[in-house]
């Protein structure tokens, strides 16, 4: 199957790594194409960034369906453009935030998200309310590292490990979400390290979760309900 | 006080009428400026339209603060761009959806929205979940008239009256929201007509509610919390 | 417009100050009349006080409508008598607790109340459940100063500032309510002081919020739904 | 044990019947005293009536504790004065509304209340929200008979049977509350009649439930938490 | 009246003490029979134990109804087998978890459970969600003592006292549940000790609560709704 | 990968068909083994059946882990034994009810379940509350056909189609769950038929969803949190 991963940013920093990882996540039966957008922000760290990236994301998503892709991932934990794309497309559209929270919800009673910056906390909280997962969301913490500095993997892993331990010990977290799609390829190592510290809890990689969720939908031949996500009426849009 | 109303659409159909109405709503101590946006959809009838209008809306909102306006209204019931604008601005930003639901919540135990098309129902439902008003939202119905056909006032008022009566009699609605900012200047007449039919219930005009809410914030010298709506980090955005 | 503020207590301690403040809050187009009640408690610091003040409050409220006032405020954060008055009157009746929580709900994701005494915490919690704002209420703290000692403004402001900082730092509050209508005229100073401490959050003065809410209703020509607040049947009442 | 039932009304219409019934409900080990109040409404059919009856109810409740009664029931489904009395007294205080809903909650997944008039629906809804039982409350219907006409037992039973059947068939009710303490002595007959119609569901008599709840508390030597219902501060109250 | 208490375990450790206590709880008009089951776990400290004990519990419950008992208690805070027994029996079936939470809900705004081991926390949390009491459940703590070591009463009481104080001071608990039916006969002493420490809060003994709840149902001639707990279809079961 | 599907019943009626279907669902990289249990009911149509099947299910689940299977499915929509198995096993355990509801939650705003008999409605409702999906569950309807008569495929498909249409038109369902794992291999045909009737909504096959969910977990190397599902203490269990 052919899937399209759209990084809703103008920066190419994460493109190669994302392609490599998602190909690993998706297994050999799946062809993965990764793209960035033409106009928008360099990274998503606010509602403002989310608002700016959506037209560019939607343009790429519409094009991907035309090119024959069978499913789309919006590669950011805030799921920018997912609802709009679900309306205009007839192939499944998946967001990593929803996919990760959905999985977290079924693995334990209380999950937490550890993310990049305090700026995105309210946005993720709102996403969980709309998606229906707020009732099991226990806390959102951040490591206070901007997206464009995530390439320092040691600092990243150390920050995540410390905050994840804190969510377990202070907030009662039982399941953890590595709360940014820029946290590529670190979830399993963190899961092992937490287990070594006495906490046998799942750590969810959201882009891995999104890849699997999308493959599930394509395999099951299901997509978003067109009664929830109705096709928009035709009109002038410039 | 000086307030800016931004119609997040490229069509000028409603500009004049909106200006006239909001001036009436705001009273003589308030200077009202109304503008449309440069790029986006002709009307908002889907998540897709909402996504497309936000960059244009934000551009106008940022400009308005620079020009010295004291507050902003996003003139669409789905409150497009309100959260993003609250982050980037230091003046209050108000959405008619939230303002109307807030008022509805305090006037009775069960409120309903009667809107334009089935396409926007999920979007409004989601807004009520994020805003915290879903617990009193009883139903959302529509009159099945597109925004750009709302100028037929008789058809509009007849459709609204019939659906409003239905929400009271079948859904248990006790408070009503005229669910589109394109329903300009009809709320009071509908309220009177419902009273004549035996239902003494408030019918809320959302753009009237937003105007009053914004004036309240300016008068009280309060605005959105910057702990919820943090200022976005600087970065490249094109 | 003419509005009546009823202090549901027998003590005149706050009457003058309240009149002065509400006149300031209401602007020059509004005539404000303030009264206390004939029978009841000296202050409201319990469900017991709330129960005792209601007949006296209702008597004054009914009289005010007869005298031609266009709206009523019950001047206590617990909103005593508001629901009953909404039933018997055909003019809008507003409570400062509901008005403040409503405003708080739309300014951020988590709000807290800082009030007088631990005795009123459950009562305010219950009010937020009935009003529909419990989902965004993060905590209620108190400064442990009885209502009748609130005239020591320095002690009051110091206590409020400290507890407000604590709700932000320990409870995650993003919006604050100055949780007693006896906290007259301190909200803006507290807001400034918190901003100087690095917390740019709104501090809501509940009687200011109630005044604006009432003006909004009168201006919009709306009042409580008579399907929620039905007119009570005639009967003997002594 | 000695318990006091306070009818929070000035009418003696139900006193004798209530005494007879509650004595039956309480069994021979319990001495039941029933009283009305000195000032207030003839019946409770609105928030307004509830507000008016509370001072009179509290006077009788305080007196009852002084006379050595071990527990108090406020004999009206809206539980008027219960919270205030829990503050000022050190013996358990029980309301039939809360007692009935509590029992209903544990007997099935969806319960409904069938009450006297549409006027009390919002009041009961609010009670269920504060008490924590709103999540299983499916509907509230009424038989449209005022309290003071409940002595026509045939009309009463016929009305209740019809509305109860409707809540089962149309609203999905699985447990029923005979929703007024004036519906004395009819629950079991209705339960039997519904069973004959194919619906083997419990019908709860609220004053019976309150009597049993109060006996339970006295027997277990527990009462309301004084951290929720703190003793009110001393002050002038006239 | 004749009631049957089924300890859903194969160990006789608590049988005698339970019989003695429940007889005390039930008063002289009630004949109490206590039994253990033939197959299952020695104690209930996990979902696994709960799953294993249910067939044995149901066997004894069915037999008890045949022998003429008027009601059943499943003697474990997790209420194992209660829902299944409510389906197959036509007499009331009560669980101590639900009975205690129901009582806790009506005595204050926030209740906590202090139980045996961390292993049962999620199970009790789930029970509170199904029963409808999660909205007032503030925390669940444990004393980290296995059920089969509860006979060391001093260690038990000391552990419970310390954790209960902590739930009040750190979690805001206002009502407490002694969270295991193996905590026989300690609630009142703990209540007194907490009162001496300044906390006048109820401490609920769950098996006492269940006994009273069952007596209430038998006295009121009500039982579980057969629309919620339908009689299972006949089929082969081996 | 090797997965074990345990039909928690003693009847072999569905074994062959389930094996064939799940193999199709799982794709060629997965070896599927299907088994029934040794003791329990012939089908699951009540809480009673669920209680009876759990020891047999757990026995097979423990054995499967020992034999090297990498994951377990409890093949019944009520997810019997899933929580207990998650405690005792260190491989992922999935229930079709939770897997289907999780997927439904992310495909639309309102989902409904159409199941076999009215007897299982409360049980599924409870499952949705514990799993956290009750907030999007709109209704549960049944086709009134017992599990052991499901082999009449035409009657089954006709019944499902009619009830599914009804949930869309009368309950507002936007996503559908084919609510019994005995409804093997009919979801896609129903989805097509509903689309032909104008309703482009997903119809979820729960055992397909469970298979994909389990594969996702094995691929991502995650399993249930051992802080939620703690390993049960050792003890005598017979």
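Letters A, B, C, D, E and F name the chains as they come in the text, with residue numbers starting at 1 for each one.
The rule is short, and it goes like this: a residue touches a chain if its C-beta (ideal position, glycine included) is under 8 Å from a C-beta of that chain, and two chains touch if they have at least 3 such contacts.
Since this is a predicted model, take the numbers as computed values, not measurements.
The most distant chain from chain F is C, comparing centres defined as mean Cα coordinates. In this assembly, the chain whose C-alpha centre lies farthest from chain B is E.
Counting the residue numbers that touch the partner chain, chain A and chain B have more than half of them in common. Chain B and chain D, compared by their mean Cα positions, are separated by 43 Å. A straight line joining the Cα centres of chain A and chain F is 27 Å long.
Chain contacts: chain D has residues 109, 122, 126, 228-229 touching two or more partner chains.
By the touch rule above, chain E contacts chain D in their complex via residues 25, 27, 29, 98-99, 102-103, 105-110, 131-133, 135-136, 168, 174-175, 188, 191, 199-205, 208-209, 212-213, 215-216, 219-229.
Taken in their complex, chain F has these residues touching chain E: 10-11, 39-43, 45-52, 54-55, 58, 81, 83-84, 86-88, 117-119, 122-123, 126, 129-130, 146, 148, 228-230, 232-233, 235-238.
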